[in-house]
Amino acid sequence: MYFEHTDKVKELEEKLNEFMEEEIYPNEKTYKEQLNEGGNRWKAPQIMEELKTKAKKQGLWNLFLPNSEYGAGLTNLEYAPLAEIMGRSSIASEVFNCSAPDTGNMEVLVRFGSEDQRKKWLIPLLNGEIRSVYSMTEPEVGSSDATNISTTIVREGDEYVINGRKWFSSGANDPRCKIAIVMGKSNFEGSKHKQHSQILVPLDTTGVNVKRYIPVLGYDDAPHGHAEIEYNNVRVPASNLLLGEGRGFEISQGRLGPGRIHHCMRTIGMAERALDLMIERVKNRVTFGKLLVDQGVIRQWIADSRMEIEQARLLTLKTAYMIDKVGGKNARKEISMIKVIGSQMVSKVVDRAIQSFGAAGVSDDTPLAYMYARARALRLGDGPDEVHCEVVARLELKGK
Amino acid sequence: MYFEHTDKVKELEEKLNEFMEEEIYPNEKTYKEQLNEGGNRWKAPQIMEELKTKAKKQGLWNLFLPNSEYGAGLTNLEYAPLAEIMGRSSIASEVFNCSAPDTGNMEVLVRFGSEDQRKKWLIPLLNGEIRSVYSMTEPEVGSSDATNISTTIVREGDEYVINGRKWFSSGANDPRCKIAIVMGKSNFEGSKHKQHSQILVPLDTTGVNVKRYIPVLGYDDAPHGHAEIEYNNVRVPASNLLLGEGRGFEISQGRLGPGRIHHCMRTIGMAERALDLMIERVKNRVTFGKLLVDQGVIRQWIADSRMEIEQARLLTLKTAYMIDKVGGKNARKEISMIKVIGSQMVSKVVDRAIQSFGAAGVSDDTPLAYMYARARALRLGDGPDEVHCEVVARLELKGK
Amino acid sequence: MYFEHTDKVKELEEKLNEFMEEEIYPNEKTYKEQLNEGGNRWKAPQIMEELKTKAKKQGLWNLFLPNSEYGAGLTNLEYAPLAEIMGRSSIASEVFNCSAPDTGNMEVLVRFGSEDQRKKWLIPLLNGEIRSVYSMTEPEVGSSDATNISTTIVREGDEYVINGRKWFSSGANDPRCKIAIVMGKSNFEGSKHKQHSQILVPLDTTGVNVKRYIPVLGYDDAPHGHAEIEYNNVRVPASNLLLGEGRGFEISQGRLGPGRIHHCMRTIGMAERALDLMIERVKNRVTFGKLLVDQGVIRQWIADSRMEIEQARLLTLKTAYMIDKVGGKNARKEISMIKVIGSQMVSKVVDRAIQSFGAAGVSDDTPLAYMYARARALRLGDGPDEVHCEVVARLELKGK
Amino acid sequence: MYFEHTDKVKELEEKLNEFMEEEIYPNEKTYKEQLNEGGNRWKAPQIMEELKTKAKKQGLWNLFLPNSEYGAGLTNLEYAPLAEIMGRSSIASEVFNCSAPDTGNMEVLVRFGSEDQRKKWLIPLLNGEIRSVYSMTEPEVGSSDATNISTTIVREGDEYVINGRKWFSSGANDPRCKIAIVMGKSNFEGSKHKQHSQILVPLDTTGVNVKRYIPVLGYDDAPHGHAEIEYNNVRVPASNLLLGEGRGFEISQGRLGPGRIHHCMRTIGMAERALDLMIERVKNRVTFGKLLVDQGVIRQWIADSRMEIEQARLLTLKTAYMIDKVGGKNARKEISMIKVIGSQMVSKVVDRAIQSFGAAGVSDDTPLAYMYARARALRLGDGPDEVHCEVVARLELKGK
């Protein structure tokens, strides 16, 4: 047992923190303003591309991607504190080319993509030139049980023909988004975990109809967006299939472990920022003749928040350690645990921060209201908490 | 002790429920569509005016307003189950001319307005021709302690001159909104509860600048809106003052009791609707080979929701009974209790409903996401829960 | 809706409160001392019999028992506030001959007993001359599902022969306890809710072996006790059977409604006493230079306690109202709800009170530690909370 | 960051687990039986001395005591998983001479004792020949603020004279207990953290009157006990003073860090045992036609318990790491956090286990009821949770 990061990680933390202070926090407002300019929010604000260039120049680029020649060569454990720092600002991850779902999609391409697939899609993603979408969840079926997925991927000659309706295909509303990984049913017999495949679908293919963006708890998440997409007789070359027919679950298992832990790392940063804001507020706000910090339950809230954050962080780090050491499959229990803990913890911390801010807390004048929506959505993203609790219980009952 | 409503109330409940089924629920979507038409959301959708006409015709109009010749002659206790029913739909209260802040403002005018003030503002409000705003909260001060309010109302000759900045002046973004009741400081000496006054300010007065609407947890609440308003040397006739100089607190005390209980009544309806939606969902959605209703914690959630709703409803009814019987001032403890309980209860119930819906729960395809934002905001509206808990504790410690 | 008790009830409340102040609270210590005298705690302290005589003289006797010529002629709703007052002291209910399980057993005899059974057992119970036990729960089976009950009651000639093992047969360790109502299986075919019977078994019958008392969370509950009883070829006359063979469930349904609500009424009194003690403590205890009442979360705890108590009380009263009006069977949902709410509410309130008292709170120098154990046990007594939540959910899902 | 114990620790874990399986668990019942024999529970059961001899022989002795020539040479971090294992049984710690308050008292003597004091008291304690008491808490004052301590320690010639009343002097009812460390006021001026001293008082000194044992939530904790002690003109040689006059706080600071973390380590073991028992139960108990494990909220409880335990364990380990590395003073925040988290976590886990067991859960047929009392008491032991939350908040607000 050893509770300190290596010097390499500490240096990256410092560098990243500096970048956050100098480039990210001061530009959060600019980003929002540029987004709102001109009435169309579905465009990339100029400031984002400028920050990406700066980050790339400083080597703060593609820090995710463990065990790969493509990334920065960090393990999940080493990446964890860095993702946490990025999590402090909603615009940060993209700046460092570390934002979902691109990270997960790049991991899929690194691990399971053919040489040709990598050249065509991985390289521009790694360069931050395009964005991507993971098109999985469907409105008509309970998609947390992915065997329900009903979109079809049917071979016809040298092509696959895709038909179905997806939603919460996050990122597809972004004009920079060029490629989707689509999950669907290709085989209609045999073991139910071997009937699905994943396939690369360029968004400009005929029959791909992005119908609308779906607001999440009031937020459009522009320019990213959560798209509803209709796949209407979409034809792509057979070579676009990932890994092989019926191997869709294999891919999503490989994808989801790191994906979930990245979210969790970021929630810790989000919670730290919320706690910082709260402390700043209550030290400076007077009601009923006293500073808020000297009233009622505020100090209890601060203590509770600190206790919850510390515990969540340690379990996230341990999970990262285990993914590195025994692989995502053997770290399933830990991955499910931090998925649940991360989102619930940040929900509670942000909720208290909002309450400390009074009316300002629900406005968009602080980042808290948006964090609140994000945190709530995370309790459903990548499967509702309850599905993950069931995983934990099942493994526990098996003595694993 | 007697736990049934009178026949008069039961008849109104039935009539109202029928109206909800026939006119309100089927038009929720229409309302939203009309609102989104043409790019400008700051307008009254046609359907609203149509529904108002129908409601008025059926006598479902101004059901609030106890002890007054103006309203329907119901007590608070009689109004409670009706407000609950209205609370089931976010568009319903306005249809019946029972929506905040107009109800509170009308009560102020009924109780404290001069004959002239009533003629000019109360009558059109009662007719549903105009809307109004209660301009109280300020961004710069902790306004839950209203002695902090710093906007000034200074007498100059036959006029009062108003200067200050307000926000969360809900309703002021609505084009039909014509009049504001503004709270400010008129006297700068003496007891701190006798320094503030309330004054009627027509929104078209020179110097009234509605700067922006403030989104609440992602929602703009158009066409209503939560406005930030700058009062810049605004001059109104001295006769616009309500009740008298230094009597602002007297007015807000009178206003807040019923205001809070109306919110609470509606939260119960909101919670009932969320529970209905949840039950409908879990009875029909399959994951992992079983209906949701037969899985995990869902049934516990249903039981918890029912238990919380029932208790909140009973305390709300008792509070209404006490306001009727001993007056708002002597029902302070109950009013503070239900203010806290109502918003927390509905927050929990809606949260569970969202979780049962999965991704759909955070979209705008169900009313749940908006309810979630409303419920959260209510934990701050009319003073944060913690301020009300302090009231309860203080009275309890005094043995009251 | 009407939220006040009748004058008759108010007078009884006053009288009862006076008795509590003058006779009960001052003698709690005496009772404990007499119980501890002489090394044997399994005896009736003298003071109890004295207090019973006084209570009887004042007409504060058998206040429970609605709709019966035997009791005081009160409805459940009228009895509720009186039971609440009794709940403030652990020795009070017995003083007024209103303690479990005698009350439930008397109700069974009133409703289902033959004339002979009433004469023999009901009359001495009504007079407070003997005590009784309800022998239901078994160690080997999950008894919250009473169809599991496996003790046998087999007819042989003019007798029934009883064999089985029971535990938590509360009261059987008391030397004054003379009679048990035993639930067992008499019919081994047919509908599983028609296989059980209930039968009267005098404790001095050959083969009734009270093996031990079972401490509940550290307390022996002497002289009452929670007995483990072996029924070893116990023979009683066939006329001891209650109501008829296979009608055991009919009896327990009739018994449990009022039983549960009595417990719930008393938990409210228990919670009120805990809150009183807590308030008294925090107003007088100084740490870190300030009264406890001015520190941290204490005031929040007071407010939370008040809010929880008020809500639980109202739902208990409504449930009593419904039992009176539509009968226990049609008030199942309410009965299950208050069963859960009452015990959880008092658990929370007492927990906070203990925490406010520091070390003294876990000692026996205050009534809190014992209350804590009682409250916890009540979450299991008459079926675990979860079984009752399932009842609520099931009825809710059926739209009832 | 590294999440595995060293091989040395793993070997000790294995050895200890074996000892638990072979010697401890099977003898829990024997211990209880021997304690109950003969009517006097205030004696050491024979089995305890036998187990101590075996443990000592196997080198499983005095495993606590970091940085000292006296103990096993383990760091706090190394000791943590071992203390966790001991925590699984209420009789285990004493077997390995690792039980409170002896461990803390030995640490005090190791660090602050004179050579003579060590020879006289430390050696027999290390050998497990005698036991000791830490006499700190007083009934009359809020002792979580130790500056309130009012017992006096006054120099008279070559002696100190002690007067005062203490309670919760745990262990003093044990006949093997020979020595007390008493905290009292020796200086009546100057800084309030320099007015108290600690002094060694043999229990057989004239004027030391052990008045009674105080049950904790129903349990007498025999033969250990929680004593109320009157110090009535107790005279001890001046050389019995520890460290020096006015240095009492210095000592208790040094004592409390490890003391608290030991408790927390043990609570993790206690929670693991409770979870084991619960899982065993629900896999084998049928109600309503289904195994408990397939019903309702049980699986959620298992998942929640696992998540809470894992997080608490990691923070405990990190705290141990910090005490080793930067010292207890600089690990104050962590120490306070795990003090709160440990007791609350185990309270929740044990509560769920009890609920799964039904009536058996509150009896003494499983270890759960006693664990429940212990867990609850720990929320007050070494200062109420709220005092520790205040420490966390204060440090957090200072940015530490």
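To keep things simple, chains are lettered A, B, C and D as they appear, and every chain counts its residues starting from 1.
The criterion applied here is as follows: contacts are C-beta pairs under 8 Å (C-beta built on N, C-alpha and C of every residue); 3 or more make two chains touch, one makes a residue touch a chain.
The chain list, named the UniProt way, goes like this: A, B, C, D = Acyl-CoA dehydrogenase family protein.
Remember, predicted model here, so these are calculated numbers, not experimental data.
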*Counting only C-alpha atoms to place each centre, which chain is farthest from chain C?*
A
*More C-beta contacts across B-D or across A-B?*
A-B
*How many angstrom between the C-alpha centroids of chain C and chain B?*
44
_Whole-Å gap separating chain A and chain B, where each centre is the average of the chain's CA atoms_ = 37
*chain B to chain D: how many Å between their CA centres?*
53
*Where does chain A touch two or more other chains at once, residue-wise?*
296-297, 299-300, 386, 389-390
_Which residues of chain C touch chain D once you look at their complex with the stated criterion?_
137, 139, 142-145, 148, 167-168, 214-219, 285-289, 292, 295-297, 351, 354-355, 358-365, 369-370, 372-373, 376-377, 379-380, 384-387, 389-390
*Which residues of chain C touch chain A in the complex?*
296-297, 299-300
*In the complex of these two chains, what residues of chain D are touching chain A?*
1-5, 77, 275, 279, 283, 293, 299-300, 302-304, 306-307, 310-312, 314-315, 317-318, 321-322, 333-334, 337, 340-341, 386, 388-390, 392-394, 396-397
